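Same chain, two partners: chain A is paired with chain B first, then with chain C.
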Partner chain A sequence: MKFYVCIKQVPDVDAPIQIKEGNLIQDTDRMVLNAYDASAVEEALVLTEEHGGEVEVVLVGPEKAKETIRKALAMGADKATHITTDNDVDYDSAVYAKVLATFFEDKEYDVISCGKQSQDTDAGLAGSMLAQHLDLPYATNAVGLSMEEDKLVVKRQGDAGQEIIGLPQPCLVTCSNDMNEPRIPSLKGIMQSKRKPMETIALSDMNLDEAALSAKTKVTGYMEKPEREPGQKFEGEPDELAQKVATLLDEEENVI
Partner chain B sequence: MSTDVLEQATGLNFELSEEQQLIRDSIRDFVERHVKPGVKERDASKEFPHDLVKKLAEQGFMGMVHPEKYGGGGVGHVSFCLAIEEIARWDASLALTVASHTSLGSGHIALAANESQKEKYLTPLAKGEKLGAWCLTEPGSGSDASGMKTTAIKKGDKYILNGTKIFITQGSVGDIYVVLAKTDPDKGTKGISAFIVEGDWDGVESGGKMEKLGMNSSDTTEVIFEDVEVPEENLLGELGRGFVDTMKVLDGGRIGIGALSVGIARGALEESLKYSGERKQFGSPIGDFQAIETKIANMATEVDAARMLVHRAAWLKDQGKPFTKEVSMAKLFASELAVRAADEAVQIHGGYGYIKEYHVERFMRDAKLMTIGEGTSEVQRMIIGRELKKEYWG
Partner chain C sequence: MSTLLTHIAVSDGKIKRASLEVLSRMTQLAEANGHSSEAVIIDANASDHVDEVQKYGASKIYTIEDAIFKNHQNTPLLKALSKVMDEADPFVFGFGSTESTKDILGALAANTDAAVLSDVSEFELTDNGIEVTRPVMAAKILSDNKATGDNILVSVRSGSYDLNESPTEAEVVDIDFSFDESELKATLREIIGASGDKIDLTEAETIVAAGRGAKDDEGQELIEELASVLNAALGASRALTEAGIMDPSLQIGQTGKVVSPQLYIAVGISGAIQHVAGMANSKVIVAINKDPDAPIFDIADYGIVGDLYKVLPPFIEELKKIKS
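Presenting the complex of A and B:
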């Protein structure tokens, strides 16, 4: 079974975020593997350990993101492809999906997986868009994966409950971080990761035209979450209070 | 830094390599997931955490610096320091277990053993399948090893070992002991040799668990050797060279104690930063008061300074350069900082610092061992003084 896992490097959500004049100031030293992607890597490793096969991770990102690829390799992925981008370019989900679709054009695979979203933008679009480009059957928000004959059986969290979906291969699945606890790389894994094959492709060599590389959405600015205003406190007899609150809700807040 | 990076580096370089960052992040994740929860309970129960040691072994952290050929991690001592610091940040007892097992018991074997001894003993130690203990200190002799009373007298193809060792880390949970003993009592330190002794041999007995100020879930006992028959092939290193090797093992051990001290001090700093932001008095967080701010600024500055001293000593060792003076400086400064920082952290926490609901009182109790173990602060100053006189007076 050939498993491709698309991974992304994102800012550490535990690092403090600053917003200055509508711009996001990030500590670029504190970058990590997107937690949802880590779950996707873990699940791919578990499945290939059980059924045989190979896990390859693919990352689109700047040179610094190599450290995140190393982490996935240290966890146990067999090989990696790094599609390198310039440092200061911001891509949206549509661009990532197009770049990845172009990469996968001439590849053979059974399953492509990725996190259901990434922790930086929480857009949750790239996986579905990629499946559309590649015309693959897909499922999102998986909380469990298993193999049954030639089908990938996806347990997904839907709005009304959990659904079980059998996907014919090749297929694509996006993973929730609820599906497992990603393994921590062992020292042996870290040392072995140095010797695993990592192919580097420059994005500029992929013959993508300007339209493909232009973001379809634009972030116009960032702002701090407004502070919640303190509530009002009333004192008095229950009857009186009920009357007062009801009047306020009706006349000032217009909710009744 | 790992040697491959250093060979490429020119001049000073304060950046960790990608590999070192991965090691640090992995052990940090491990500590957050497995070590931090339950640390107060382990301190209270004083039980040795066999389950955590097993997990650390599975992750490859029980023999990081030993060669891959013998099941070790094959990384340098800077990486080792990063790991020890991360563990000590939350659980100094566990860090002490890892550091002493790696640097002392296994360290002496890695330094002085022959090939077959390494295969037989270093391999299970480096893989963490067995625990190592190093038996140097005696009731009547510490840093002055020449006063040791334990003897190993040759009888046929065996040595007969007799004596009592004290303050032995992994004294009761250890499987493999390295024991220093006098093979020629008339020759002073030149009559000291080292032996590898298996814990289940006849005549090897651990004394009861010692009640300590801190480091509660690390194992410290007496170990008594009574007419233990040690086969001559278990002589470790050359006959009469045990003291020389011991000094080298101690130098290596001080790297671990330095890193452990940095971890405790960092814990004190981070807990103080957190608390001083949350605790409000007179209408503002106490961290906004200059008196508290000054304490925290001093702690942060000294933690960085201590870490740099420790990493320099580790780096020198990895380069194969002399590091006796530098590691004593690192151990001295870092250990005294650990005590100072833990004390300040308790002060910053006020009444809450004095109760066991918060972590800092444990840091204070644990930290004190740092200025004592692997040579007291006074002994470190003696070594530094002696090395300086060698350099300047010749």
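Presenting the complex of A and C:
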């Protein structure tokens, strides 16, 4: 079974952020493996450990993103392809999906998995775009995966309940981080990752036309969120606190 | 004059409020800019909902009715949406950002070569596109984005716009649609845990949300009692859905649902950014936590520092008195 997992490098959302003249500035330039993609890698590893097969990760991004590819290899992925871009491209999900679709055109696979969204932008678009370009049956927001002969069985979180969906292979699935706890690479895994095959393709060598690479959506700036007014904090006897707050909610806020 | 089209999502025989919020906004933009506000209902009983949709100012309502739409499945929905885009040629096509929308939005954009912006909290028209605001970086900050093109898809977070009635007499156009089940490559086998009478979190006026602090049976009983006294929907942090203590569909936050109730009571929740991402737009936030430094207190209007097992029983009693 051949699994491809599309992984993305994203800024660490936990690091402090500043906005200067509409630009986003992070004191630490810390970049991480998108958490949802880490879950997709984990699940691919579990399924191939159980049923046999190979996991390859694909990343579109600048040179710096190699460290994120290494992380996935250290977790246990077998090999990687790095499609390299310039440092400061302003691609949106549609462009990345187009690039990935071009990459996959001549590839053979049983399952392509993506994260359900990028952790920094929460766009949640590239996965189903890619499925559409490749004309693959797909399911998004998977919270559980299992294999059944030639089918991938996906448990996805829908609006109200969980939908169990059977996907004939080849297919595409986008993964929620509610699916598993991604493994932390072991020292051995980290050592081995350095010897695993990593192919590098320059995006400029992929014969994508101008239109495919020009984003229809653009970020024009960043803003602080309007802060919530600091509220009141109560400490003391539970009975008194309970009464005080219940009364405020009723009389001041009118929300009871 | 261009068309501003809104997708009306129906689930369990009820229109999702998020769709009507988008339609309200579209109607307002259409009036201000000389465009026409139109809507499309795709459902097993689409025509049942025409009257309701007319109240929000759609001048033309497309219906696509087929039994296949009883449950969400992406292939038939995509086919129907692509068809209505052919027919209506919308300049902007708006969606409420539900899980079903997230499932198809990217695919629809790829299918129709449309520009797309998802999960926005505000949107405006420009001459050749739209400008939007989106929460990013786990909703710690906002980004301004623009999209250009003749067809632009946008999905809007629930609670971003108020419902605004402006009744019209709409022209109703039924679009001929057929879907052969053999076209379905993916098969929906089963739906677990969906029950029609659950209060939809994204539409709830009051939410009682529980975190790791309330993970044992006693904690669960207390939050259920609190929710029942307030006639509130139950929500949860990831700590509890992950542990299998509360239903996964109740998760609120970056991975879970985005909510905007009048009152949000966070019980034993620390206030991690990924949780706050889903509830920071609540009108009044109450937090009960024994750690005075818990980050949830930074955004709570009323913080109760204390042990939830000691605070909740008298709090529930007090609320019962007020209610009676």
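Here, the second predicted complex is superposed on the first by the 226 of 256 C-alpha atoms of A that agree within 3 Å, B and C clash if a C-alpha of one lies under 4 Å from a C-alpha of the other, contacts with A are read in each partner's own complex, and residues count from 1 in each chain.
Simple rule for what comes next: a residue touches a chain if its C-beta (ideal position, glycine included) is under 8 Å from a C-beta of that chain, and two chains touch if they have at least 3 such contacts.
Remember, it's a predicted structure, so these values are computed and weren't measured experimentally.
Once the two complexes are laid over each other on the shared chain, residue contacts for A:Lys66 go to chain B alone; chain C is not touched. When the two structures are aligned on the shared chain, A:Gly52 is found in touch with neither chain B nor chain C. Of the two partner chains, chain B is the only one that A:Ala74 touches; chain C does not reach it. Judged by the number of chain A residues each one touches, C leads among chain B and chain C. With both structures placed on the common chain, the touch criterion links A:Pro185 to chain B but leaves chain C unconnected. Judged by the touch definition given at the top, the superposed model places A:Gly166 against chain C, while chain B stays out of reach.
Contact with chain C, but none with chain B, is seen for A:Leu241 once the two complexes are overlaid on the shared chain. Annotation: chain A has no residue touching chain B in one complex and chain C in the other. The touching residues of chain B, counted against chain A in their complex, run 18-19, 21-23, 25-26, 29-30, 33, 58-61, 64, 68, 73-75. Within the complex, the chain A residues that touch chain B are 66-67, 70-71, 74, 181, 184-188, 190-191, 193-194. Of all residues in chain C, those touching chain A in their complex are 11-12, 71-72, 74-75, 78, 98-100, 102-107, 109-111, 115-119, 131, 133-149, 185-195, 198, 200, 206, 230, 238, 241-242, 248-249, 251, 254-255, 262-263, 273, 280, 283-286, 292, 297-307, 310-312, 314-315, 317-319, 322-323.
Against chain C, the residues of chain A that register as touching in their complex are 11, 13-14, 17, 19, 22, 24, 93-94, 97, 116, 119-133, 137-141, 143, 153, 155-168, 171, 176-178, 216-225, 228-235, 238-239, 241-243, 245-250, 253, 255-256.
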